[in-house]
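Both complexes below contain chain A, partnered by chain B and then by chain C.
Let's turn to the complex of A and B:
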């Protein structure tokens, strides 16, 4: 059984067939939902998945346990993602709900991380391009490395709201200045 | 002696005696004793059966219920009610003098419509004991009826017990004028054997009809059921027979009705109306006097014996004039010819009834046989095919069925009462509850404790055979289970499925048993798949149905109910819904 070989972020329930059926019992469902939320976030974090295309994800190990041949149905996936958006852990990329950004940390948390990083590296007051932040050589070990730009803007907007940053366009790219 | 203890069925209906049939039910009835109301017996249902009037209190049926034997009722009359006083039926009881009671219950010959009679105790008047041994032969059906003990010119003649036709007064007069059968046999010492018989008669308890020598203690002949000579009866009465029936056999009486005392009349007060139909049915029951049938000799030999006896004493009893035995011609000859013809006819008819009675007595045997078949079947493990077994036992059960036990029909319920439909449904509910609780059928047990209303409807109607009920009547009746505090209850599942189940079967109990079963399944087998070890074993509704004897619909509903309580969780797969022990709730 491949179960033991699964990475640690796979929940114990991954091998429990009813885990892939939405429980009608409200109490059961709420526990199940909590487990699914945690699992999706942990999975995306481990795989550095920023954007979840639901149709593709359905066949990924995330929603499809091949060992027991169980699959989480699309409507249930959608329901869980919708629940994630309520806590800002996800955001639909389009109104048709076919794909979503997954924030395994909330934008608020990412914003705080970014601020600390800029502060620690003494780059306050300098203009940083977004590309620099997500794909630059200096940020490879940062959590937001590889984050989609739209998501980064979303996080930076939190800083803007806090009044410690400003986002502006630099040619094709966007720049940010934190003070 | 009037009120007796009444046994109730689990559904709080009177427990009927063998051969007893329910005739009518009326609710909102109060009980009077003499002129006074009996406390605690003021709001109940009055059941009329062929044998008894049963009163069952609405509030505390087990405590306050009583039965009145119809055979203790001398006569009855209807009071129509006036202004605030409701309509009543007054039942005048026979005096509860033990010796009189004996004669009443044994000879059971009085018609209910008699005016109360001040008969002195039977043993003191020779004419009484004389009449006891007499019979009059019905000219219509030739059934030998017991002679009315208080026969007189002013007394109306009772109808024949079998055909119900009142005989001509001359028939009874003829019996009175003819010599009594008992002395006739002993007082004709024409031969040695007769003399011998007379000697035997004196020492032993010989039957006047069939000459079988009975034991001293017997009052009816063992062979033919004929009432034995009055001398013997009186002896036995004096020597302990009367003692046994004396006064109050304590526990049989009810506390709150002063039963040791003599009650000469009892009133049923019909607060909710319905007295007219009740009266009608009561009248019918009193005329039919079904309780006599138990005491009537059942063996066919009796009829033939009686017929022979009739023929022996024929000249006296029919014509009342001594028959001349010489050969006659002319009109007399014709008369005689026609009489012979009539005698022949009587024989034929008697023979025919003999067959009928034989059939009746056989019927009981056959029913007993069928019942024993049914039990044999249910005990027999060799019948592996459960379907066949079920079919067999069903047919055996049907054969053994006594529909009168539980059938309630609309005509048993008063139509004048405004609440008649709800009373009908209440009675129906009781009868269904009795039907379900019946040990011989044990329907609920077979169905795992719950049966869908549809299945119940089918089975119940099949058991009734006739007088089928409509589904809506059954549903309405089933809705009353709770209100009537019956041992079964109606339950509606989430999907709307209605089932009838035992009252003590609660959701928790079911959840517990399902859980225990799942645990035992998980332990019972070593599963090579790791998942199965950790999560236990899953079941389908089909498995549960098999395990608990439910129908699939019931099983599905029950499992969903258990899921609702959080014990189970589901997994929807290609093969349907599988059920697992719920790990989310155990945290």
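Let's turn to the complex of A and C:
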């Protein structure tokens, strides 16, 4: 049943129809949840998907395996995303829980990456715009490239909390200074 | 021969008996010596064989299983033999070095790890093949090193068997044609095994399938399935109003 054409981050259970039904047994469900969490994060990372719109995602290969004609129901998706929010791997973007930011690395991890990058490139003490960080020519191969600004601010706020950065407005954009 | 009569006849009988027993003892001794020589020659041969092919025994699964089969045929268990290596130099441990024994013990540890890790998924029932695949995948992921170890299902079976003395509850069970490792101390009853067997053939079961094929009444089928669900041996699939049951341990 395993489909070798699928990328490596697809779990083996992806072709297992019960994977798309919430298991009533607590032990099975916890194992199922672990796999779904990992899969969602890996999928978003591979597709550079920062914001998951649940209704759209339901029809994407993430939650819909056409080969076996199975779809993960919306309430289950919501339950899994809610579980992701508990570990800072997701954040609802609206109170009706119809979309969420997906942090395949936690904001903490991204903050560390950002700090290391700024340090390595000798840009400490320089003001960088957020646009520069997410869409600049120098950051195309960085993992946060293309990240939504609101998410980037969340990550930078971690640095602010650590006392090594300051975020402020620069015209329409925002800027950050790290020291 | 002149027949002795009287008391001499008695003497002769005793003499004869003596002769026979000395002769018997001599024969036995010769026999023992012969066997001892044979055994030592055989030991030497096996020892040099094991030494010469140690790398092959370690790296080639087919070779290894043939070697193990050869040892079993002649009544030698290279694994059991190493158990009391410490008290006085066990012959086989000395002959084979620790490589063969340790190979299986290491493998046994890996089997235990895999069973543990996947227990939440499959309730503690996993096919020998899956265990092998996971171990191979992990070895590869661990840097492609590990001596490029290749293992066969046969090795896994042997490794699990050598866990038996520990009484750790790891047991090989045959379900249909597949060998499974059961790592939870739960006996499968006949009905449960039957259901798992049907799943192996069909991929999944539904209550009507069980009713039609096994001649069970629906409540019996439901009860068996509920039991298996509770043990996490089965997963439910709800699809378009139909409920079917699948076993993670026979996913492929």
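One rule holds in what follows: the second predicted complex is superposed on the first by the 177 of 179 C-alpha atoms of A that agree within 3 Å, B and C clash if a C-alpha of one lies under 4 Å from a C-alpha of the other, contacts with A are read in each partner's own complex, and residues count from 1 in each chain.
To be clear about the criterion, contacts are C-beta pairs under 8 Å (C-beta built on N, C-alpha and C of every residue); 3 or more make two chains touch, one makes a residue touch a chain.
Here the structure is a predicted model, which is why all the values come from computation and not from measurement.
S.K.: Since both structures carry chain A, what do chain B and chain C do when superposed there: clash or fit?
M.R.: clash
S.K.: Look at A:28 in the shared chain and tell me whether it touches chain B only, chain C only, both, or neither; answer first, second, both or neither.
M.R.: In the superposition, A:28 touches chain B and chain C alike.
S.K.: Looking at A:171 after the superposition, I want to know if it touches chain B, chain C, both of them or none. Which is it: first, second, both, neither?
M.R.: The answer is neither, since A:171 touches no partner chain.
S.K.: Going by the contact rule set out at the top, does A:163 touch chain B (first), chain C (second), both, or neither?
M.R.: Neither partner.
S.K.: Regarding the shared-chain residue A:20, is it in contact with chain B (first), chain C (second), both, or neither?
M.R.: both
S.K.: Kindly classify A:75 by the partners it touches after superposition: chain B alone (first), chain C alone (second), both, or neither?
M.R.: neither
S.K.: Does the superposition put A:125 against chain B (first), chain C (second), both, or neither?
M.R.: neither
S.K.: Once both complexes are aligned on A, which of 60-68, 114-122, 132-140 or 150-158 in chain C overlaps with chain B?
M.R.: Clashes with chain B appear only in stretch 114-122.
S.K.: Let me check the overlay on chain A: which residues of chain A are in contact with chain B and also with chain C?
M.R.: The overlap between the chain B and chain C interfaces on chain A comprises residues 1, 12-13, 15-18, 20-21, 23-25, 27-28, 31, 70.
S.K.: Please output the residues of chain B touching chain A within their complex, sorted ascending.
M.R.: Per the stated touch rule, the residues are 529-531, 534-535, 538, 563-564, 566, 569-573, 578, 580, 582-585, 587.
S.K.: Show which residues of chain A lie in contact with chain B when the two form their complex.
M.R.: Going through chain A, the ones touching chain B are 1, 3, 12-13, 15-18, 20-21, 23-25, 27-28, 31-32, 68, 70.
S.K.: Taking the complex as given, what residues does chain A use to touch chain C?
M.R.: For chain A paired with chain C, touching residues are 1-2, 12-13, 15-21, 23-25, 27-28, 30-31, 34, 69-70.
S.K.: Can you list the chain C residues touching chain A in their complex?
M.R.: Of all residues in chain C, those touching chain A are 120-121, 123, 203-204, 229-230, 232, 235-239, 244-246, 248, 251-252.
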